[in-house]
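Next up: the structures, one after another.
Note that subunit A is present in both complexes that follow, paired respectively with subunit B and with subunit C.
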Partner chain A sequence: MSRTAVMEGSFAVAEAVKACRPEVIAAYPISPQTHIIEELSKYVADNELSSKYVRADSEFSAASIVYGSSGTGARSYTASSSQGLLLMTEVLYAMAGTRLPVVLTGVNRTVSAPITIQPDHQDTMALRDTGVIQIYVENIQEAYATHIQAFKLAEDHDILLPVMVCMDGWILTHTFEPVKIEEQELVDKFLPPFVPKYRLDPKNPLTYGSYGDDEVPEFRYMMHFAMEKAKTKIQLIAEEYKEIFGDYFGGLTEAYKCEDAEIILVAMGSVIGTIKETIDQLRSEGKKVGVLKVRTYRPFPAEEIFEIVKNAKIVAVIDKSISVGQGGQLATDIKAALINKKTPPLVYSCIAGMGGREVNINTVKYIINKSENSLITNQVPDIDYIEIKRQYLE
Partner chain B sequence: MVTTEKLNLLAPGHRACPGCGAAIALRQILRVVGRETIVVSATGCVETFTSPYGQSAWEVPWMHSLFENSAAVASGVEAALEAKGEKANVVIISGDGGTFDIGMGAMSGMFERKHNITYICYDNEAYMNTGVQRSSATPYAATTTTSPAGKNSYGKMEFKKDVPAIALAHDVEYVATTSIAYPQDLMNKVKKAIGIKGPKYIQIHTPCCIGWGFDSSQTIAMGKLAAETGLVPLFEVEKGKQMVVRKIKNTKPIQEYLNKQNRFRHLAKEDKEKIMEKLQEICNDNVKRFGISE
Partner chain C sequence: MKEIRIHGRGGQGSVVTAELFGRAAFQGGKYCQSFPYLGGGGERRGAPVQAFARISDEPIRIRTKIHEPDYIIVKDITLLHIIDVAAGIKPNGMIIVNSEKSADELNFDKSLNVKTVPATKIALEILGFPIMNTALIGAFAAITREFDIEAIKKAISEKFNGEIAEKNILAAQTAYDFVNKGENIYSQKKP
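Up next, the complex of A and B:
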């Protein structure tokens, strides 16, 4: 029987990872990822989990350790945040290029400078081009389910790419919600032991990490092609999860009240919950508004997004990060998804919630209000910094 | 009957330079560790010349990932083997740049966590793969492309980092230095290391004809001279036992070693006598400290 318990987000992730029976875990502590790896080490100490747990000397080494263990055919897991994810960057490129199906939790926190432990998406956005699949979750239950699905996705022989489950630090890792924890037997049924396609094995000596003279374009092409395949696979895996566990958490996107919406907000992660609440309020006032949650940022579901937003008049994109000198990364990708279409909606790019600044119902209402004004004037600002405190700029 | 002498797990046709000391080291290492081995290498000469895509020279499973992480990758390999209840020798073969400099942190972590891994550093005393830049393994006064001798410089102005001592400070199970010029010594030490459980460190002096500037027929001779002058002491320390040092009958003056290599040629000038003397002092100190004289 499954059980439902009120628990902290980090513990729910640890429960999910435990249920997946990783053979090797390597980690290095950084806030706000710590509770996940502390809980996992407790399971190992209490013999509730038989993983080989390696306490790494840095995030760089943690990523390298799971690189080695995954290449030796072991189901492997790590987690990090912020600076730690940046320190892993070089390894993550190599890991994706070597097609190693590691699962990691990217606990979202901004990056220095200035140093702070507050959440935003700047860290995982910096890993956008690594070849690591990125799935952003809205709530703790979704974080739980997505981790279990992530192993199945990563280890699929058609995919073989690292998968990172991105969850907002503090907002999701350190808050409590009721979480349905699935029965181990069913998780085992959903996720059988990892069968590597290739591995380091003296019985069949293979070379990993060759020097490439002329093969780089083909390697990149195959990674991109695997990402494309992942679009279908992510949905199939979510369906299978639903069949076994009865709940659906998956898909590339989730459209909420978008069918007849004139204004559609687009965002990722925990802010979706706040937006849904706002949409409900505004719908009761008769406003035609909806929200599109982008779950998988890489692969980017451009076609699916277009199908959802094509009849809207304006799309307001909330980025909790910025590509300095260009703007919001999600907004840039949404614009790219619409550019070759006939009569695409306007795109309004909002930068909000950076460095943990609160995005509440009033913030969302402000964005919707500005979207309505844009429809009247038929003009949208190139980029809108929501609730910038002018006093700091002087 | 299969004789181990004939076991060659480095296929011919690799891309090492003629007279490459590292390639000689590889063959000697692989002959001893045998097929039940997984090798991890850092980026460097060995990685480049053995692993062109589709033309790998490795006849044991081999993994390369990055420059600075071979010790961490190998830690993961070892952890996976342990998790699966499988056995194989896990051996790192990385250069001095990947060991002394950029990979030092990962190596320290691997030692401290007591992984069952033999870390072998082939020490050619500079970044040879990228064109002979100075590393912290480069000997005092050697000229390299980033520590060139000039009006204001006599080459590398700092001493070689003592990595075996750093390994010993981690309380590892076994530390040894050896040289390709003494194949039996090298193979005995590797054999001993893989038979001991826990972290081990072996540093192999591997002369590089291109980087040091000597004829490719002289690789072994150069390795011999390095040992015979006392500049490169050959020793081993097994945990809990006394250090064993390879004795030299009549140590040779350092000049004999320096004169044969372009990287020390600038020292022949009159005003560099003091530097020469300093190098001789390093040798004398080694002879005394390690008790090299027979």
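Up next, the complex of A and C:
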């Protein structure tokens, strides 16, 4: 039987990872990721989890350790945040390029400077081009389920790419709420032991990451092709999870009250819950509004997004990060998804929630109000910095 | 949905208080969400901190800090001079203050619904140290009836073991009984 108990988001993730029986866990602590790996190290120390746990001397080492262990065919896991994730960057490119299915949690926290521990998406956005699959989750139950699905996805022989589950630091990792923890037997049924396609084996020597002067385009193409295949696989795995456990959180996207919506908000992560709450309030006032949750950011589900927003008049995209010198990454990708379509909706790019600045019901209402005004004037600002404190800029 | 904001100082266990509010509500058959606000100095011992809890009959989706609480818990009266603890309180909201003094003595605005409970005194008598979280939750349950003492006992037993659990249950029960008997409880009702 599954059990439902009140627990912290970090512990729920640790429970999910434990249930997946990783053979190697390597990590270096950083807020707000720490509680996840702390709990996992406790499971190992208490013999609740048979796994090699390595407290590395840096995130670069932690990533390198799971890179190596995954190469030997061991199911491997790590987690980090903020500059810790950035210190892993070089290794993440290598992992994806050598097609090693490490699962990691990207506990979202902004990047210095200025230094703060508050959450936004700046850290994982910096990793979007590594070849690591990125799935952003809305709540703790979804974080739990997505970790279990992540191993199955990463290790699929058609995919073989690292998978990062991105969850907002503090907002999800340090919140306590009821979480359904699944029966180990069912998790084992859903996720059998990892069977590597290739592995480092002294009896059958092979090389990972060898020199390749003229092969780079083909390797990049194959990674991109695997990402494309992941679009179907992610949905199949989400459905299979639903069959076994009864919970479904969407595959690539989740559309909430979008069918007849004239204004659709698009966002990722924990802010979706607050937006849904606002949408329900505005719907009761007769406003035709909806929200589209982008779960899978890489691979980017451009076609699916177009199908959901094609009949809307305006799409307001909330980015909790910025590509300095360009704008919101998600908004840029949404614009790219719509550019060659006939009569696409307007796209209104909003930068909000950076450095943990709260996106609350009033923030969402403000964005919807501006969207309504844009429909009247038929003019959309190129980029809107929501609730920026002008007095700091002088 | 009922929203609770807890004001304390770093080291007083405000995060655990919020967690126990959630656990007790869940044991009482409700949905819950408890979370801290960390940062801005909130991780330092002695600094003013806030923690939050939501209790609802429906699943809880919203993930913002609580700006318009139904209930406000003040663990340390020295905060009253530096923070507007009543900020945003709902029209029928209530403030529960850990103090042996009355609301009048603490100079609360007359328009506010304030109750004081000597939670630290109870904690010192039963636990031997001034960690008043469980006493406050016992008093909260008796005052608000959002969940009952049995739910609190289950919540404490989930979180703590052995003697610590037993003593904390006793602290919660003592504060609960205190309020129910109307002893030593000072309230300030709206005019």
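Keep in mind that, in the parts below, the second predicted complex is superposed on the first by the 393 of 394 C-alpha atoms of A that agree within 3 Å, B and C clash if a C-alpha of one lies under 4 Å from a C-alpha of the other, contacts with A are read in each partner's own complex, and residues count from 1 in each chain.
As a working rule, a residue touches a chain if its C-beta (ideal position, glycine included) is under 8 Å from a C-beta of that chain, and two chains touch if they have at least 3 such contacts.
Worth saying up front: this structure is predicted, and the values here are computed from it rather than measured.
Contact with subunit B, but none with subunit C, is seen for A:Leu200 once the two complexes are overlaid on the shared chain.
In the overlay built on the shared chain, the residue A:Ser61 is in contact with subunit B alone; subunit C does not reach it.
Once chain A of one complex is fitted onto chain A of the other, the partner contacts of A:Trp170 are limited to subunit C, with no touch recorded for subunit B. By the touch criterion defined above, A:Ile117 reaches subunit C but does not reach subunit B.
Of the two partner chains, neither subunit B nor subunit C is touched by A:Val107. Judged by the touch definition given at the top, the superposed model places A:Leu330 against neither subunit B nor subunit C. Of the two partner chains, neither subunit B nor subunit C is touched by A:Val364. Of the two partners subunit B and subunit C, more residues of subunit A are touched by B. By the touch rule above, subunit C contacts subunit A in their complex via residues 18-19, 22-23, 26, 31-36, 38-39, 60-65, 67, 158.
Put simply, subunit B touches subunit A in their complex at residues 35-38, 40, 47-48, 51-54, 56, 58-66, 68-69, 71-84, 88, 105-106, 108-109, 112-113. Put simply, subunit A touches subunit C in their complex at residues 5-6, 8, 32, 116-118, 139, 170-171, 174-178, 270-271, 273-274, 276-277, 356, 358-361.
The residues of subunit A lying in touch with subunit B in their complex are 23-24, 26, 50-52, 54-58, 60-62, 64-74, 76, 90-91, 94, 98, 200-202, 204-213, 215.
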